[in-house]
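When the chains are written out, they are named A, B, C and D in that same order, and each has its own residue count from 1.
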Amino acid sequence: MLNVGLLGAGRIAGVHASAISTNPGSRLVAVSDINADAAAKLAAQYGAEARETDAILQDPAIRAVLIATSTDTHSDLIERAVAAGKAVLCEKPVDLSLSRAQACQKAMAGKPVMIGFNRRFDPNFAALKTALDAGEIGKPELLSITSFDPAPPPVSYIKVSGGLFRDMMIHDFDMANFLMGSAPVLVSAVGSSIVDPAIGTAGDVDTAVVTLTYADGRLAVIKNSRRAVYGYDQRVELLGSEGLLQAQNMLENTVVKSTTAGVTGAKPTYFFLERYMPAYALEWAGFVAALAEGKPLPVTLDDGVAALAMAEAATQSLKSGAPVALG
Amino acid sequence: MLNVGLLGAGRIAGVHASAISTNPGSRLVAVSDINADAAAKLAAQYGAEARETDAILQDPAIRAVLIATSTDTHSDLIERAVAAGKAVLCEKPVDLSLSRAQACQKAMAGKPVMIGFNRRFDPNFAALKTALDAGEIGKPELLSITSFDPAPPPVSYIKVSGGLFRDMMIHDFDMANFLMGSAPVLVSAVGSSIVDPAIGTAGDVDTAVVTLTYADGRLAVIKNSRRAVYGYDQRVELLGSEGLLQAQNMLENTVVKSTTAGVTGAKPTYFFLERYMPAYALEWAGFVAALAEGKPLPVTLDDGVAALAMAEAATQSLKSGAPVALG
Amino acid sequence: MLNVGLLGAGRIAGVHASAISTNPGSRLVAVSDINADAAAKLAAQYGAEARETDAILQDPAIRAVLIATSTDTHSDLIERAVAAGKAVLCEKPVDLSLSRAQACQKAMAGKPVMIGFNRRFDPNFAALKTALDAGEIGKPELLSITSFDPAPPPVSYIKVSGGLFRDMMIHDFDMANFLMGSAPVLVSAVGSSIVDPAIGTAGDVDTAVVTLTYADGRLAVIKNSRRAVYGYDQRVELLGSEGLLQAQNMLENTVVKSTTAGVTGAKPTYFFLERYMPAYALEWAGFVAALAEGKPLPVTLDDGVAALAMAEAATQSLKSGAPVALG
Amino acid sequence: MLNVGLLGAGRIAGVHASAISTNPGSRLVAVSDINADAAAKLAAQYGAEARETDAILQDPAIRAVLIATSTDTHSDLIERAVAAGKAVLCEKPVDLSLSRAQACQKAMAGKPVMIGFNRRFDPNFAALKTALDAGEIGKPELLSITSFDPAPPPVSYIKVSGGLFRDMMIHDFDMANFLMGSAPVLVSAVGSSIVDPAIGTAGDVDTAVVTLTYADGRLAVIKNSRRAVYGYDQRVELLGSEGLLQAQNMLENTVVKSTTAGVTGAKPTYFFLERYMPAYALEWAGFVAALAEGKPLPVTLDDGVAALAMAEAATQSLKSGAPVALG
């Protein structure tokens, strides 16, 4: 049984608390948050204690921590938790600063740190990956990722988000790395603030297309929009030498209505909590199982830094109007 | 080159005229109709002549006739055409009277008479049959046919139609025979005039379900409605020991729209002309090819009588409220 | 907080234990089973106690019991639990004997007894019902229910099951009642043991079609098979005066593979645990919410008896070969 | 009745001959080809005459010509036919040389010359356009075009094709112009010869992604591959402020097979003849109707030059590795 401390008590921490409690191999022992009330409430819900972060890190009975605090604290908390001997699962991104993330990566080399790229555990994307690895479409050649949010966040959020590429497309960069098995050599971005000009005024884009070129000639294209009014649009397709694999959207239900107006089915699930709830549980299960079996963690700090480096490159490409080579 | 006379110049005759003219192995030579103007117009459109029916039957250069006249003339015209040495493709049904149809069947034994069950030639149903015959779902066990018209015909038509089972479900009875490869031993029908009470007043039903039981334990169910406001609903599904085969509807186009209201695609094609146009051409091609190659015609007078016998049994079952054994 | 006792510790009891524990309004206090080890294990998993059934029924702190024992104990346990002042959620069927179920129904009139027709809570069927009640397809006319299991149970199970109509199609009879809003007046069944002759030898069928006729002319057809090798096939479609509603299968994932062999997607979820897990949780939530709000329970003992009466009628119709009128 | 001369008797000319003959408003009078036998055979099939090209152009009874000869003759034949007073429908591209095409455009200003971008007439893309113009998804923001051939052409063809962008993606450039209603300001291409290295040796790519940036911030991305083993993959999707429109592939039939191996449907239609046969007929109907009604031709020489300019820009961008501004 893995005793777990949860750092953070916000919305996503609640999702993790449920996953930790439901998993038969782990137990939620303590929760901390800068908002003491939030920590107390979340802890009570799952029979755990609210504590200070330090108290959690110093408790030898707690063997793992899940970091679900604000992004600017991730690197520090990873390093402190590892220094205290804990295994770590940290929400993405590692850091908004690539150099800080790289420093963390260097310091943590060989330590049990997993980064929360939950989409790798989505049953659909995971099944696509399994089929790909089984050679069902031969050699991959051209990857397409469609990733649209249902509605843009407030401009206040945009301003501290690090920008579309670090905040939103970073998941898609990791998905590309997950599926393609290596990093691209060239990143080229175009984008605009056509959904909301205020996002442009804040220095960001809300709609973007990034093309990735790989050393062996494979190509990938990622499309992001901050607004798809019909719901969370999360699709992947991969053309290979012997076929095409597509992971399509999850729908709210399977009901189809045929009338004089056409044949209408349900919308995609609304947003990431609806779509990726199973993925969060499977992500946690992967963490627990790897620790239990002494195997490598399924997503690493290297993966977190790799995706961040692509976000940085895309940000530069958007500014310069030219492709950017990855180191 | 097969020279062809067309008996009838109504709507369905026009469809056949196009198929005859387009087929590289046949040529439309003459058209007859009780409405001389209609015959003249249709003949002109395809470079043929308008003639009397007798003149067509007596022309030794015409080797085949297509009978697309009113149902009550079918049996007589089949017999006269065959007596004149023609090969015949006659629209379904053979006759509204089972005994008259059986007499025709007996008299025409061994003669080249094909009945126009065009749905056997629909590319979807034909592909399903091919997969079935290839053993792709093992042994068939349970057949379901959904067959809904977009809108009921006028009550005046209902009154002379012979009733839902002879007029509409007869196509589905033939489809069952086509797919199951033998006739059922028991026919059981329920029905009502829930779409339009006037249809009930006219002595018919507009909604019906018929179950068929086969000697070896296989089952089939056919559903008919005179009204599916979203279009012509023509589906077949067949459960077998190793899987399920479904032939789904043809849609007007492949456009899908996702909005806050849901995900909406196109309706099924509107009615039989839209849906079965390719089937009419393929039906004719099957007739021409069989004659050219000296092979058996792909649908026979026996098939026409078998379907009519099932319609008769269903009509009796509906009246008596009990299953009817087939002879 | 509703304290709950669980009677039974088998597979389906485990599903209910999870639903009870996960629901924020209820708590699993005790579990009983004739197999004491099974009760102890299940209780431990959710922090409850293993007790004798009597001890559970006599504990005043326990306000509700969930009955998930073998069918032959249902009626007795319902009556004993109600006598002890408990609210009851009992797995279907009420009893294999219609007269026993009716006696229970009479004795329990006005008491808080809910029957576990979990499919009413399936998000897909529930959404279909919502659309129907909102008038989205006008007036319902023709209902079709497809309900195939992935594989037949052992013949030993068949022998004690009460037969296909009481054991399997009873869910579909309830679905018909749920959607049509009233019981049919006529039930007509055909069936065979084409999947496994040994099932026929045991006096049962494995493949069946039942047609239902309603007083107002509406029709329904239910198809059952004990074997659909591709998975649990659970579909409903309902034709109305203004359209068609369909609830389609849930698939294992959304991945689609296109190769020279065709375009292949995932199979339906394998069986009822995979398909109806959300339905069990929502069923329990409906029970808890009704008790908390003092509202009528969403599925009643009357519903349980109504479905059983249809199963009885279908069993008779199959034997006699004639339609059976419902009381 | 529009009397038509057909220049060219190859495969695509055969498609046009059928469209001309079937259309009730036009008649195929004469066919020419450098291969006299081919011209004779095609003419005979449709009751027309084989003639020299000059004879066709000088025949005052012929009011329109369809140019389906090799690309290098298009500009010259357009100019000669217009000089002879004919209305012209010319296959794409106008010319492999942008400057030659522009010279032709300038010379032909105001003349009745239509370019054969048949995909605009595909019922699916046309329905998408209609929905877009009706405002069904609000303001368009992000267009995606997927356009994969089933198999690469011989390298000998690649060498004279003008390259992927002029030969294959030109259709997609026109589709972008058709849907977006204006030309982009920036074209950025990546590509590789991952399907067949011999295509790379021949100086071309077989897989490419092009991003288009519009002056108002809209974006588009076009993906091309010379090989999709499952068939001709021709899809468009367009994200707008109020929804998403998708035109999906046409499938060979609607049969779906469910087995233990999954749920398998038919492949997309194999190639452009199967997919776009209706589009060719509708393209011709649009030409005939515009002439008959004295309206502007639905696709113009300007459209042909605009697409060619984008192909030229993409070719440059691929070479330079930097985006190219459109004039």
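Convention: a contact is a pair of C-beta atoms (placed from the backbone, for glycine too) under 8 Å apart; a residue touches a chain by one contact, two chains touch by 3 or more.
Everything numeric in this text was worked out from a predicted model, so none of it was measured.
Identification of common neighbours of chain B and chain C yields A, D. Taking each chain's centre as the mean of its CA atoms, C is the chain most distant from chain D. By number of C-beta pairs in contact, B-D leads over the other of C-D and B-D. Separation between the centroids of chain B and chain D, computed from CA atoms only, is 39 Å. The distance from the centre of chain C to the centre of chain D, with each centre set as the mean of the Cα atoms, comes to 57 Å. Among the residues of chain A, those in touch with two or more other chains are 228-230, 233, 242-244, 258-260, 266.
The part of chain B that touches chain D in the complex is made up of residues 123-124, 127-128, 131, 136-137, 242-250, 252-260, 266.
Against chain B, the residues of chain A that register as touching in their complex are 228-231, 233, 251, 258-268.
Chain D makes touch with chain A in their complex at residues 141-142, 144, 146, 148, 186, 188, 190-195, 207-209, 211, 213, 216-219, 221, 223, 225, 227-230, 233, 239, 241-244, 321-323.
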